[in-house]
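Mind having a look at this structure? Questions to follow.
A, B, C and D are the chain letters, set down in written order, and residue numbers restart from 1 in every chain.
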Amino acid sequence: MNDTVSPRALTPDSFESDQEIRWCPGCGDYAIIKSVRKALADIGTDPDQVVFVSGIGCASRFPYYMATYGFHTIHGRAPAIATGVKLANPALDVWVVGGDGDMLSIGGNHTLHAIRRNIDLNILLFNNEIYGLTKGQYSPTSRVGTRSPSTPMGSVDYPVSALVFALGAGAHFIARTIDTLQKHVPDVLKRAHAHKGASFVEIIQNCIVYNDGVFDDFTAKDVAADRQLHLEHGKPLRFGKTKEKGLRFDPKSMKLEVVTLGENGVSEADLVVHDETNRTLGTMLAAMEPPDFPAALGVIYCSPAESYDHAVKAQIAAARSKAPAADLNALLRRGHTWTVDRPQA
Amino acid sequence: MAMDGSAARKQEPAERQELDSVVVRFAGDSGDGVQLTGSRFTETVALAGNDLETFPDFPAEIRAPIGTTYGVSAFQINFGSRVIMTSGDAPDVLVAFNPAALKTNVGDLKQGGLVILDVGTFNDKNFEKAGYKGNPLEDGSLTRHRIFPIDVSKHTLEAVKDSGVNKRDGLRAKNFWALGLVDWMYDRDVAPTIKWIESKFSKEPEIAKANIAALKAGHAFGETAEMPDGVRGFTLRRAELAPGLYRTITGTESLAYGLIVGAKLAGLDLFFSSYPITPASAVLHALAGLKAFGVTTFQAEDEIAAIGAAIGAAYAGALGITSSSGPGIALKTEALGLAITTELPLIVLDTQRAGPSTGMPTKTEQSDLNLAVYGRNGDAPLIVLSARSPGDAFDVAIEAVRLATQFMTPVIVLSDTYISNAAEPWLVPDVGSYEPFPVGFRTNPEGFHPFVRDEKLARPWVKPGTPGLAHRVGGLEKNYNSGNISYDPINHQRMTDARKAKIDGVANAIPEQAVEQGETTGRLAVVGWGSTYGPIYRAVSNVRRDGKAVSHIHLRHIWPMPRNLGELLKGFDQILVPEMNTGQLVGMLRNQYLVPAEGLNKVMGRPFTISEIEAAIRSKLD
Amino acid sequence: MNDTVSPRALTPDSFESDQEIRWCPGCGDYAIIKSVRKALADIGTDPDQVVFVSGIGCASRFPYYMATYGFHTIHGRAPAIATGVKLANPALDVWVVGGDGDMLSIGGNHTLHAIRRNIDLNILLFNNEIYGLTKGQYSPTSRVGTRSPSTPMGSVDYPVSALVFALGAGAHFIARTIDTLQKHVPDVLKRAHAHKGASFVEIIQNCIVYNDGVFDDFTAKDVAADRQLHLEHGKPLRFGKTKEKGLRFDPKSMKLEVVTLGENGVSEADLVVHDETNRTLGTMLAAMEPPDFPAALGVIYCSPAESYDHAVKAQIAAARSKAPAADLNALLRRGHTWTVDRPQA
Amino acid sequence: MAMDGSAARKQEPAERQELDSVVVRFAGDSGDGVQLTGSRFTETVALAGNDLETFPDFPAEIRAPIGTTYGVSAFQINFGSRVIMTSGDAPDVLVAFNPAALKTNVGDLKQGGLVILDVGTFNDKNFEKAGYKGNPLEDGSLTRHRIFPIDVSKHTLEAVKDSGVNKRDGLRAKNFWALGLVDWMYDRDVAPTIKWIESKFSKEPEIAKANIAALKAGHAFGETAEMPDGVRGFTLRRAELAPGLYRTITGTESLAYGLIVGAKLAGLDLFFSSYPITPASAVLHALAGLKAFGVTTFQAEDEIAAIGAAIGAAYAGALGITSSSGPGIALKTEALGLAITTELPLIVLDTQRAGPSTGMPTKTEQSDLNLAVYGRNGDAPLIVLSARSPGDAFDVAIEAVRLATQFMTPVIVLSDTYISNAAEPWLVPDVGSYEPFPVGFRTNPEGFHPFVRDEKLARPWVKPGTPGLAHRVGGLEKNYNSGNISYDPINHQRMTDARKAKIDGVANAIPEQAVEQGETTGRLAVVGWGSTYGPIYRAVSNVRRDGKAVSHIHLRHIWPMPRNLGELLKGFDQILVPEMNTGQLVGMLRNQYLVPAEGLNKVMGRPFTISEIEAAIRSKLD
């Protein structure tokens, strides 16, 4: 089980463990793990300094396949357990992996609080809009009407948007990418890693067995250009095969709208310019859904603030520097004490 | 008898009567400073060389309206010249600051006990709030006791009139007046309290002055005023305590300190995560204030996150600790299984309170034992320890750290509301006198597999970040050696057996069960665990003084049980197991050893009295 | 324990149970319960048709003091338990009460999902930014730096905003009010009740013992006018003692800004007009914090959609109408069966 | 022996050999249609009047790569002319569709058992995937068994060539070819399968045609081809089953139907809330499809919300049910305490799987018994029932509803992976033959208090909305009568005692413990619970056939235990308790009755074999 890798010549293979992968053939998770390994190789962290923490689900098998430290925990609790890992040893590079059920259903609260605290974790949510491992029940991200073993007549509850939720939780970094985007995923992950604090990345993932093609409306080759908006900070929001479309903001309705450049006198100057630090824009971008809008991809919001682990350790350091000679015997003797003499013989 | 003590005249100087021990309870409104009075008196008594044990009883409400029965706060102290084992069955003296305090506490008093009553608070409004139809001094309801009504309020106001405080602040000094009187009764020195007041109120000199004046006035009142029948000066000799430096310690402090010392002995950083809950939160508060010792405390979003973070910290190589009370411990059961199967050290403190469900959060009970031993899905063994007294909790905490880290396993430490709030004198140990048990983190990649076990069946502990030892652990069943996921039937049996054998084997690493008192065979063994120690000990010694053959056995290590326990128990004709639950340890003893142990069960949210246990013992021996 | 009330002549007293209230003297909860009773009397629901479900905490003692059906459950689980009540009997008028710890710390996930599903519950969060019942530890809504028994050096984690979180969860109705506003609270509650689906109301509540005055920066009499923005649908966003101030929207920064009417040529026409159905506006209003901005009060967002309980029951009705003669014996005999004859003698 | 069965020549017609019972296992890749083949064969066997029990064994992975060992799916059937109690210790016949299926299953086969092997899949790639170094037919590893290699793939393709399907679809019919052959071996009629194919594939007539052709060809192959040694036709007589209408039923279906019938008998709406988890989800799926019966199912956000909603529904007057497996049951422990203290009826289904923690989710075990009986904070008693077989689960579910509603208490029903997936013939009952037990909701405000108890100590159940009965319940301790919050010590004792007495009293409302087989006293009692029923029963009857004195006692009601159980057990010299855990029931029996019960423990994720239990019994009696 031990994996010795020289940190000098890191390649994606340096992050490949000796365990045979057991996802279904064709599962989107294969592409994701490839990209994660590539991102880590590019980042260049020593695999021995990296910890992957996951919950339970298909996605959560992830740590077994990484030649890093790994903890496959229990359903929904990975953000909490990872919080302990990071607080106990902030020098570690801690990644959290889980599915939509793991992180937004049973684990929603831990996800919320990890994000709110802004602890320096890289949180990767593999969203396939279904419970893969338990054979296909609908999840909190499944669209209304999803037929599944537990909803034979179709689901009736409204899905939660992972990224809108994350912003509601006070996220300082959110991004979205798609399993099959072999260049985009590593790029997004590198940004997530570079962000100190909780980075929350939604990775759209196709479950070929229980929810095949559910994202085709924006991931399929033929529609991708028209339904994907690749964000770049400081660049206007353009998309479409020839980048002929864009997003304009209507201040009256406070809504984004899709426009075509050149039509009705629309020019690039009319388009919104992406500003990662703008929360209102981020919220609108995160909420966009095909087919009426393109899905926003890339770093949607990034606005750094002190990380929780940093602040916690700073307090401890402050307390220590105030009482540098903290001594256990002295501690036990704090407050009032008295002495009982040897009994008078 | 005069309603107003001030009318009393100077008493003839009389010999002080010598006492072995005495139980005093202060009771009043939450705002009356009862807890403060109690802890000041405790210090005075301790400094005078008595042994003691105290128990505060807080109201369930945060801040109830003044004068109501549910707003009454009480503090009881048992002190004496002999070794004190409990905070006392029934008070000899009750100091009641208002009618509600009288109403809710007088029933507990000994037959013929003394009630010192502040009649300055006696008025119709307060009678009504207390649920009295009229003045209880006049309705004949108090005839079982000796009543000493004094207008403490008035005396106090008189005493403080030169200190420059307003009436409201002046009146607030009445607890010190009462304390002065009680100090006089038991021949205690007021000097330490004066010193304390001076330092505490150094920034409010008038308040300090008023409090000191009240204290002295109360004391002088005892010296000078004529006392009613039976109210006289007493004296208690020093207790024969082991020589050394003492302090008073509560179970909460003791656990917190024990954990810090345990971490030090193991060479680990302490990571403590918890979610507030009564009464367990106190440990979180205590440790949160000790950051200078490198302690990291984490208030999690819930109990599951709290244990999760502690498990994560353990994986990362720290001493992961979590704590809670009943409902919160119940929530941790799933995650505990993960710590068990990944074989990570973890300490779980359970300050038990009255259940089931939310129950009575401020009241004591011992009803989480079954949960601790049996409450997990699958065959999931771990170690369970219990603390018998505030001071004992210190050593139990260290023992928990030792066993968790040496055996790579979770350890549940059971305490309870009583232990956590009670205080007793504690011979402060020298940390240097404890044998260190440093953790040997695995660093050698040679032949490393995460689940290859040592002779104790413990697996290696590796700090993430260690070169060449990257590995994965998880909740699925693991191959016996490699730790890789395994669904192999034979392997699952082997791992299940190994997990069980490891915990069973802890019996070889702990002391044999000792007998606290009495012979190692005989007619009756009284077997206890946890905070029943005091009343059982005293009850057994009372009965033994009559020459009866009864022994006291008290378990610290509940799971696994000490290796000689079965043999020991089989040497007794009868076994009586007093527990503050409907019978949990008794079932385990019967199951483990097929001995006809019987329960003595009290589920009232309060400790056993000595006499309850004594009566049960006598009836077994008759 | 039983309370018999004629539904005809409802007054606030009709909703007062025989249990003595045990909150601390001066606690904000007293004012709130008065307003709740008034709102219910005004709504005119028969107390026997009303259920209050709460978690654990000072706020959660609420049901004991109401002469309705009530369930004081366990910490954090009230939204889940109330979901069961409502699904089992949608005719009941179900109210959920809890504190900031109860609903946003341990219970955050249930709050999230109750809101997401849009089940017809009236959820009242009493936010005192502290754990009252357990004697004053900081809560997830406590401001950074809050000193409490568990954070003696001050808290370091960022608070979550109850309402921003609720919007992130997909809320269809959010509102805010303040314990002491005796007219405003009942008005808001009546709106919440009228909304079919999950209504989420944050009630700012002063904990006089552990967090006294923490909201003074916008609730104190002398600053109230300048720091409270009382919303009305269709009305411009104005506040201040003489309503001299207002909120303008800057489309460039996509941010709201405080302006003074008459200054720099600002007129009412420049102000944002409140539109309850606008999610972007709602998100910005919910996030506003004194002292830079006024706290938004009243109905911030309201955009009805089918409630979960309604949709669930509709599916059952549809299934029943398709198979009106659903018979248990037939069910047991579904699929392949065969007959074993009496043994040949 | 020819590698290719097609080379074999026509067999002389021979007398079919008569068998009592036989065990057949089909094994192949997940995509080979193994489960389908199994269930078709089951139907055929059932229609022929045999008794049977089946057990499917799914791979742990969702969809493993083709040809791998961990992608192997298996289906075992035990059928015969006698009463069948288990799905069989070891197969007599293994039908293996590829090398991986051979590899993972051949070890379980009886010594000398027959392996029917599709050598059409024998190639180096598949050998490697299966972990074989080379062709297992040539390495001498299969000598313990009789091997019948046939190129099923080739035969199938030949058979389907006129049906108009492409090669891929044609090959997919090979399971039907094998089924045809097995049908021939055991003299089963292919007609019901043909009918099933026709209706199933009515919209794909070519597929139907191909499957039928393959089926017939397999059958004809048996008739006409020369068979190797020992492969011959067998016949089995009809079993002597009680007359009536039968179906096969799995534990999952049985529980779902039992709950619906129970709700009907109680006059309640059924509210079922759960969070998916293997293997418990199956019940959620089953009930979700039964909305026409007024069932409400709710997929909650987690297990705590699931039990929470069920408790809420119970408070609202519905039959609240929740279900899960080990880790999810652990999460419900806190909320269970609330249901206990508010005394609401609630049913909790636990489909046990191998633990601890995540364990082996697809494997069976009985290790949640301690959790069910003891796993809560505080003294929190409830009722625990267990199902012994798929069909039995129906009656257990009804009993659970009866007890929950009559006693106003949660009931935990223990099932396990084996029961939930196994199928057996079931004499379909008439719902009208069950005695209804309608709930009498309280509607009369006269003298109403929510915690005033009836003679069974049950409190009244009130539907919110009932005029004049508005009341509050909660998790804090309640006054014995009024239900108002109470911290009174005596009251807490009284309520604790009442909660215990209520559950203890259930013993009076359940049948006395019967003896399944054997005398009511004797040398040895084998005591079981749950799915060990089949192997214990058969093992005991095997030993009894040799004239030995051994009895079988099987518990349905685990908590409280039947009132005569102690007396009964005391009549035996020895007590053996087989359990798929490290010893849980055995501890309870020892504790309750001080009887020297001993455990026989198997924790391998799979059921006991008859022979394992038989051997243990014999060694006790020798």
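What we mean here is this: contacts are C-beta pairs under 8 Å (C-beta built on N, C-alpha and C of every residue); 3 or more make two chains touch, one makes a residue touch a chain.
Being a predicted model, the structure only gives us computed values, none of them experimental.
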| item | value |
| --- | --- |
| B-C or A-B, whichever has more C-beta pairs in contact | A-B |
| Centroid spacing, where centroids are CA-atom means, of chain B and chain D in whole angstrom | 48 |
| Intercentroid distance (Cα basis), chain C paired with chain B, Å | 40 |
| Chain C-chain D separation of Cα centroids, rounded to whole Å | 44 |
| Multi-chain contact sites of chain B, meaning residues that touch two or more partners | 291, 301-302, 327, 334, 337-338, 342, 357-358, 474-476 |
| Residues of chain C touching at least two other chains | 56, 74, 105-106, 108-109, 112-113, 140, 153, 312, 315, 319 |
| Chain contact topology (line, ring, star, complete or other) | complete |
| Complex contact set, residues of chain D against chain B | 60, 325-331, 333-334, 337-338, 340-342, 354-363, 365, 367-368, 370-371, 373-380, 474-477, 487, 489-490, 492-493, 496-497, 499-500, 581-582, 587-588, 590-591, 594, 596, 602-606 |
| Residue numbers on chain A that touch chain C, as the complex places them | 105-109, 112-113, 116-118, 140, 153-154, 156-161, 164-170, 249, 251, 253-255, 278-281, 283-284, 287, 305-306, 308, 311-312, 314-315, 318-319 |
| Residues of chain C defined as touching chain D within the complex | 1-5, 17, 19, 46-49, 51, 53, 56, 63-64, 66-74, 77, 80-89, 91-92, 109-110, 112-113, 312, 315-316, 319-320, 322-323, 326, 328-329, 331-333, 335-343 |
| Chain C - residues contacting chain B, complex | 22-25, 56, 58, 74-76, 101, 105-106, 108, 131-135, 137-138, 140, 149-153, 209 |
| List of chain D residues in touch with chain A within their complex | 61-66, 70, 275-278, 281, 284-285, 288-289, 291, 297, 299, 301-303, 327, 357-358 |
